[in-house]
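What follows is subunit A paired twice: with subunit B in the first complex and subunit C in the second.
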Partner chain A sequence: MTNLGCLDTLARQDSPIHRLDPRTKLLTTLVFIVMIVSFDKYQISAMLPFAVFPVVLIVLGNLPAGYLMKRVLWVAPFAMLVGIFNPLLDRQALLHIGTLEISGGWVSFASILIRFFLTVLAAFVLVATTGFNTICLSLEKIGVPNVFVMQLLFLYRYAFVLAEESSRMLRAWQLRAPLRKAMSMKTFSTVLGSLFLRTTGRAQRIYQAMCCRGFEGQLHPARRFHWRMADTVFLFGFCLLFAVFRFANPAVLLGKFVMGIFS
Partner chain B sequence: MHVVDALVSPAVGGTFWAVSAGLIGYSCKKVKSEMSDSIVPLMGVTGAFVFAAQMINYTIPGTGSSGHLGGGMILAILLGPWAGFLVMASILTVQALFFADGGILALGCNIFNLGFWTCFVMYPLVYKKIVGRGLSPSKLFWAAMLSVIVGLQLGAFGVVLQTVLSGKAELPFTAFVLAMQPIHLGIGIIEGFITAGVVAFVAKAQPQLLDVSLPPSDKPAFSIKLVTVSLLIAAVIIGGALSWFASAHPDGLEWSMFKTSGSEELDTPDNSVYTNLSKLQEKTAILPDYGFKENEVSGAESQTAESWPAVSAGTTISGLVGGLLTLILAFGIGILLKLRKKTQASATI
Partner chain C sequence: MSHHIVQTRDLYFTYPDGTAGLAGVSFLITHGESVALVGANGAGKSTLLMHLNGCLLPTQGSVQVGDLPVTKKTTAAIRRSVGMVFQDSDDQLFMPTVFEDVAFGPMNLGLSDQEVEPVVTGALQRVDALHLKDRPPYKLSVGEKRRVAIAAVLAMSPDILVMDEPSSSLDPKTRRELIALLRTFEHTKIIATHDLDLAIQLCPRTIVLSEGKVLADGPTADIFADDNLLAQSRLEKPLSMQNCPRCSPNSSPN
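Up next, the complex of A and B:
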């Protein structure tokens, strides 16, 4: 839960990237992810140039690169779990380096890991340079229904409050059962049930407070977004770059060039 | 278990994005027209409740390990299908952005797998049907248990289908199904207990929240031991039937080979692939049995920009060398930008 807040604190900085319109960053990130994901499963080299996007954003956005990397590595299990079967199942030799044969499975496994790394990093960078609330408001601008945007904003706002609530309940339970590591299932569902009752009680109070302030079913964000020249340049610049990377594979061209020099 | 960006293809991801977006839009309309405004904060805070509940662990009986709440069905029961679906979608969105559980492109798939089946299929067709009008503790228990288990099975099957259709993972369909379904049966049973327990507690303490009332009784609704044993027996029977069914299909590995290489005979590789490597390659004997798919054979041409659709693997060293170089370049750009920023900063001071 503390992790939830950490990315958002990063978003409170002021940098050229943070100043961009949130819609710009959202769209560019989406294009980036679609481009990455659209590569065929044995592709490795052509994906590597795409690393330039998160790298530039991390540096210009003043983000702690080490921290982001750690977070990415933290969440790898599913991609690893499913991908690790590729080397076992796909044993056709695909790549020859000297006498070493590398099977298609290993190539596609590496490809999955690179995809995973780039897409996850891009999502983290988006949140860390934009902030969750701002992303939600820009979603509304793009046309996501107001109800869903409100849902996201409320969820995020109260996640921290309820996290405290549940850690208080957890502490109370620990004091009563000092020798146990985790609750029994029966206790757990009772605790959860009363946490839910507290939740609905809180929701009621929130709703009354909102009604007192004139709530009539819609939130009206105070912030206005301005689309500036920098946004256009950023969006089209990166999309153009992605297109070049996607269709021309500069990595292979560069590699050939370098190999040509040395041979 | 979530579908992840790295394993999903744009077609699959895009389709489910569209489907989930449609469902979200429709649910929003329903919530707006059919429910009072007070549902808005309730939904939001309930979403936060699921997050908070995930911080508390419980012991899974019989094993040393611990688990936490998943959600889905419990939201549909407590909030109704429309609001429940929206809450589930918002939870998955936050997870995709902050924890990279799933990912942005796979978000549509995950919302569909975890929200659609529970809220729009299991809730009206199983839970509501069983609970009906006259509510009893045992009915409530079995309604929750059954809908959670089947909902999770359908969701897990969705994960398998989407991953296999995307074609990034090599894991064959049958093997994947045989791995995922039993795991999620176990998870489902445990989650069924929790869901039933929470719903029973709420029904007892504040029945008006559920629009139902439970007749007072001192007897516990169920004995965990009895239910576990009967479910285990059911699992063994189902598992046995499933494996018998599966064995009627070709062996998993064969099946995947057939799928990836097509029905055609595996052809011997075209030497043009290796023109760049011809010197090194003279030493390596290529096994005639090892075949290549069509688009891999055309590797040599596809390295040039024009023949993009046939983009092949980094079949050649130059691809790898170039890839590494561009990666280094990318980081180089980063370092340069950083240095420039530093010098600028010191200049302004």
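Up next, the complex of A and C:
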């Protein structure tokens, strides 16, 4: 969990991507996610070209690709859980590869995983090139109500508190139960209860510390946003590209083209 | 300049779970004074400090800072003049970089970008931590965190500095540097501490708290010379006032 902070550390680099206005990156990523999510449930090939967006950002933004992939895999179980029953429920054959029949369930499962992979990767890349606090500020700039932005900011801040607090408690438990591999249900529930109380206490102290320094529900950016030509080009360039990918499946076009050459 | 006074009148506070925090605390601290607040664990030191800037509001009695009584309505103004350094610096530092953290207070006071920059740089320079400005706070050592936390409070240019255990968990050298640093401040200082040597060096006046009440209030040297009083409030004479059993063979070890 403390590794989450690494994403924010990456955001402090200086690269063409980092220099872009946060709003540009936010809007482009939102368009990207909407496009991906809007594909129908058996679609696979049309989504693949979209990988260009995170890849370009990773390369230009000087981000460690391996590290980001690992982060994405961490969250992968959630997507697995969402799609795992598809192959069981949807058994109608949809694809034929030689004699092998692939059911619609497996196709939609794969589609879910790709969707998940692309959107989560894009979100991580956004954080790693922009920083979470800055994203929140630009959300506010583009008209998201302050209440939601604050909720998001605190959620992020307190996630670290929760993680720190729980890892400390886990260590304390491990040291006093060296022979046990897992917590008993009873211990677990007590630990969970006191974790809640401890984090609440700590969150309260942090909030007090913020109030002591004049916090009144507004967060101020450390630097002003500047919309430049590069931002317009980035935003419209990528949106155009997404539109092409979305409405004219380049994978199919390429396939037809190649087939055309050989026939 | 009488407006930087801190006065409490018959202050009572009971926590929601029924634990008594304060049971009738009254004192007056005038402008420029340095006051140590000492007492056993659970004597009410931190609870009292929380009242000085409205983090907690009294169940009974009143607190006055300058001309203003501390109430819900005045807390914004009070917090401008009372800077609070928390016991655990991790509670206090929450922005992604040291610079942004120190800028957090001034930004909330409505300073513009151009105005904030010199304020932050100045505050960090004051505590000798300017080189840390681009680091994330959670990666600093305890001593560095403490410095940054103090800078964050200084950046709001408060008139009164309130500190909870400023020397706790610092190594001896860092502790000494902190004392030297605090000595350069001309603010009114209220320091809750178990480090009685620090109290001697920084604060001419000491208030002893015990079970939520003021047990004694007077010149630090007098209070620390009173063995009965110290024993009663679960304290011990500061090391600098004890005869060293190694250096002076005449002193009897007790």
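Brief remarks follow.
One rule holds in what follows: the second predicted complex is superposed on the first by the 179 of 263 C-alpha atoms of A that agree within 3 Å, B and C clash if a C-alpha of one lies under 4 Å from a C-alpha of the other, contacts with A are read in each partner's own complex, and residues count from 1 in each chain.
By our rule, contacts are C-beta pairs under 8 Å (C-beta built on N, C-alpha and C of every residue); 3 or more make two chains touch, one makes a residue touch a chain.
None of the values given here were measured: they were computed from a predicted structure.
In the superposition on chain A, A:F215 makes contact with both subunit B and subunit C. Once chain A of one complex is fitted onto chain A of the other, the partner contacts of A:G131 are limited to subunit C, with no touch recorded for subunit B. In the overlay built on the shared chain, the residue A:L113 is in contact with subunit B alone; subunit C does not reach it.
In the superposition on chain A, contact of A:T9 is made with subunit C only, not with subunit B.
In the superposition on chain A, no contact is made by A:L20 with either subunit B or subunit C.
Once chain A of one complex is fitted onto chain A of the other, the partner contacts of A:R157 extend to both subunit B and subunit C. In the superposed model, A:L63 lies in contact with neither subunit B nor subunit C.
With both complexes superposed, B is the one of subunit B and subunit C in contact with more subunit A residues. Contacts of A:S189 after superposition: subunit B is touched, whereas subunit C is not reached.
Shared-chain residue A:A93: touches subunit B; no touch with subunit C. Comparing the two complexes, residues 132, 157, 202, 206, 210-211, 215-216 of subunit A contact subunit B in one case and subunit C in the other.
Contact residues of subunit C toward subunit A in the complex are 50, 53, 55, 75-76, 79-80, 83-84, 86, 88, 91-92, 94-97, 99-100, 103-105, 107-109, 113, 134, 136, 138, 152-153, 156. Looking at the complex, you find that subunit B touches subunit A at residues 1-2, 4-10, 13, 24-25, 28-29, 31-32, 37-38, 40-49, 51-53, 55-61, 66, 69, 78, 86-87, 89-91, 93-94, 96-101, 103-105, 163, 167-172, 175-176, 190, 193-194, 196-198, 200-202, 205-206, 209, 224, 253, 256, 260-261, 274, 276-277, 280-281, 283-284, 286-287, 290-292, 295-296, 303, 305, 308, 311-327, 329-331, 333-334, 337-338, 341. Those residues of subunit A that touch subunit C in the complex are listed here as 5, 8-9, 11-12, 131-133, 157, 160, 202, 205-206, 208-216, 218, 220, 222-224.
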